[in-house]
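Okay, so subunit A shows up in both of these, paired with subunit B first and subunit C after.
For the complex of A and B:
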């Protein structure tokens, strides 16, 4: 168990490091930052002053080490436009996105898990076909368009739900429904596939042979084994939803991380963009690490591997 | 089917070739046929847009803005879906949008397919350090928030067709790598690989002449999946204003342009969105169908 944990942690640290180098380098591709900051009418001397002021005159590796050293202590620099500390900007926007992503994941699981189980148990029945049809549609519908259709139907025509902002819980309903369609098909398919495999397995045949009642066979023997990959997928999906909420946040005017990233990208506010990319990757790596550990606890086969 | 016993001829006794088997499976596969039909129509629209589109997709007619669609009051066949806020014919823009969609989707799927499959095959065949490096690269890729990276890259490199295609292909190579790596590991243990190695075939020969044909059908399935996702993301980027730039008619741009008038002209939003949805479903059905009819197990 310890060896597995240490190895897994080492890889996670290396991944975080590489991602930080990439997200740092990415934003340096955007041309001469000092020139951008100084504006169009700036003289050469003014540009040079800004370059020195922001430390942009130093070699790139030095700039990176400087940035990374401060990032570890939680100092992610300041926004080039509002001059606020980036850490505060992200902390202020994180709750909306976290609620949105967690709620969407929960909603997706609540729908997809039972649906996947039923589809597997009643294979080729109408419920299986309906579930697969929904999955096909769900993975083909553009989320920004689905959001607009929901706004039109439930916000404008029926007037049931608010369509922009985040003041009450009701404001989160439509964004969560939209976002959950992005992960629901995968969770449904994985549950269905896992259940079908488990139901065909010898230990389930054994359970039937022992004369256990169907409820015990389905939920205790089959579902438990089918859930292992779903735990991993849920962690991956949460990371994906945190980064993928930009579209939904923009359509529903929610002030989360996604809209902060979008605004910052549009005005080339590179410390903010770079930090958001880094923080989201960090959260993703943490989540997958956690899910691996959970799975290793549940399933001894993994930790002996 | 008649009840009378069919006369035996040589064809029934001979083992059908893989092509014949796939073809006979395809004739019964409704999903595959639907998908193929949708993709074929989209291809025709994309290639022959200049001849199919009834009007110039860029021509503005400010005297005839937001004209009604043919089924609405005052609509005419001159503008089947009506006109947009600049008086441009929406149906023509929709047809021309197919071009952008197909080029970006297909281009991104092919480029990411080449990159990802090469990495996956190298990792799966060579193993050891190369494999560890490939797995590490995949982990790094998975940890990065793809849509945000794409948005930042478009803001840096601009929204031309070429840059969008290349940027999107950076997002999708990982699934190709994961699948081809596993598939290569399975194929690698087979006798014909050992035979090729014994007869002194080069690594390049083994990878591309022996392994690749055996995993090609899995690559095609992933390709269709990723092409669908690339189309969805291109539309989303264009919708957010950091993708294909107006006035080029991308389906994402059509939706974003129709957003201001969506409350009294909802069909302007419905049409391009539905087009995306149908095309992506079609591509996925086609991919799944190709997998079903070419699956090696399915032949026995």
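For the complex of A and C:
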């Protein structure tokens, strides 16, 4: 188990390094940052001044080492727009996004897991078809449109829930429902597929032959074997939810990382954009590592690798 | 025909006219037709036949583990005095793993990979209310040692992938023994094992049977396994029992042409020359869809004649003792044919 953990950790560190290089490079490939900052009417001399001021005239590797060296110590630079430390900007916005993403994932799992299990147990029955229908709906519907429908029905017509801001827990309900419908279908399908495979396996026949109760057969013997890909998917989904909540945050006027990223891109505030990219990929890598560890707990065979 | 297999006063399992049918897209498939047998406490009853003859599905029907498209009907299926085909799922689950347990074919896949063998051994004991978790542990250690696994107490914490195939099948056997069953159904228990491990596993089953007074239904396609372990045999072909006899008698006087063919196909049994071609039974198993007329084996039978295609089914005829076969030819003619196969004067 320890060897496995150290190996995974080593790989994770390498991935974080690679991702930081790529995100650093991509942002600089996206155009001349100095030109963007100076604005359209700026003269060549002004652009050159800005380039020197922010150190953009130096060779790329030097810029990277300078940035990465400070990022390791937690110094992500300052916003070009507000002059606040980027670390503070991100820390201030993170809770909203984290609550939104975690809540959505939890909601998605709570619905998708039992639904997937029942769909597999009652294969080709109405419950299976209803679950598959919902999955198709969930993957086909654009989130901004679904968000607007929810706002119209539950906010405007029924007046049950608030539709904008993040002051109370109630404000998170509609955004969470919107986001969870985006990840629910895959989790449900993967659970269903894994369960169908597990239910046909000999060890499940054996479990029936031992006279175990249906609940024990389904949830102890079958589900744990079906769960491995679901855990990996859930971790990836959480990363997706953290980064992909831009649209939902703007529809519901939530001040999270997504809206910060959106604003910063519009303002060409590259230290902020750079840092958000890096922080999100860092979290993503952490989640993947976490899912590897959970899977090693679930399946003893993984610990050998 | 009920009397033909009536070997003891109080059979632990008594099956009469068991029919298993499967609904398929091209019609109703008769997986077994009119299967009847009695099993006495402490005896081994082998059911032998080629793939698809219905030997496995008839025992799945007893366990209540048929696929959803299958239906089982019988005049009766009495296990330990209870009519098991009409039990509810809940009642049946109290018998399964308890007084009636099963050993599956492939030990590599019949243990759950994500739980320790200790967990899988003890759960069946606790489920059937045989005692506490600690008592279950003691029982598991006792049985693992009994089936020849060293360091049994430590092995409880092992996962299936840490054990070899032979050891896993020993674990599966120990698991089937956890609640002291009266009958074990062993479905091809050694087919997936190495040849060297096969014989040891069979010897172990035989020892356990004597020690604990178990009855065993041994389902196999391997006549060698039948010869070494069973007391009585039923030979199945196309869903029917075509011949049943005490094991020694079946090998000495195989009467049904199919049984004769099977025994002749055993290497080194009828062939004196090692480089001679092995005999086979020509032809194919008939389709089991729809009603069967006459004898199912007639298209492959060297002794078939016009009458074999007539009638609903061929009746089971008794010769002597508990030996019975399903053929229209008289016993003398069949025995003469068997001797002829060996080049002896008819």
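As a convention for this text, the second predicted complex is superposed on the first by the 287 of 305 C-alpha atoms of A that agree within 3 Å, B and C clash if a C-alpha of one lies under 4 Å from a C-alpha of the other, contacts with A are read in each partner's own complex, and residues count from 1 in each chain.
Convention: contacts are C-beta pairs under 8 Å (C-beta built on N, C-alpha and C of every residue); 3 or more make two chains touch, one makes a residue touch a chain.
This structure is a prediction, so every number in the text was calculated from the model and none was measured.
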*Evaluate whether subunit B and subunit C can sit on subunit A together after superposition, giving fit or clash.*
fit
_Between subunit B and subunit C, whom does A:225 touch in the aligned arrangement: first, second, both, or neither?_
second
*Touching A:156, do we find subunit B (first), subunit C (second), both, or neither?*
first
*asked:* Can you tell me whether subunit B or subunit C touches more residues on subunit A?
replied: B
*asked:* Touch test for A:203: subunit B only (first), subunit C only (second), both, or neither?
replied: second
*asked:* So in the superposed three-chain picture, is A:280 touching just subunit B, just subunit C, both, or none of them (first/second/both/neither)?
replied: first
*Once the shared chain is lined up, is A:298 touching subunit B (first), subunit C (second), both, or neither of them?*
second
*Aligned on chain A, what is the least Cα gap between subunit B and subunit C? Give it in whole Å.*
13
*Determine where on subunit A the residues touched by subunit B overlap those touched by subunit C, and list them.*
none
_Residues of subunit B touching subunit A in the complex_ = 136, 139-140, 142-149, 151-153, 155-156, 228, 232, 235-236, 239-242, 252, 255, 259, 262-263, 266, 269-270, 272-273, 276-278, 280-281, 284-285
_Taking the touch rule as given, give the residues of subunit A at its contact with subunit B in the complex, in rising order._
11, 14-16, 18-19, 22-23, 26-27, 29-31, 136-137, 139-146, 148-149, 152, 156, 236, 239-240, 242-244, 246-247, 250, 258, 261-262, 265-266, 268, 273, 276-277, 280-281, 284-285, 288
*Within their complex, state which residues of subunit A touch subunit C.*
201-203, 205-213, 216, 221, 224-225, 298-301, 304
_Help me check something: in the complex, which residues belonging to subunit C touch subunit A?_
63, 65, 92-98, 101-102, 104, 106, 109-115, 123-124, 127-128, 159, 161, 172, 175
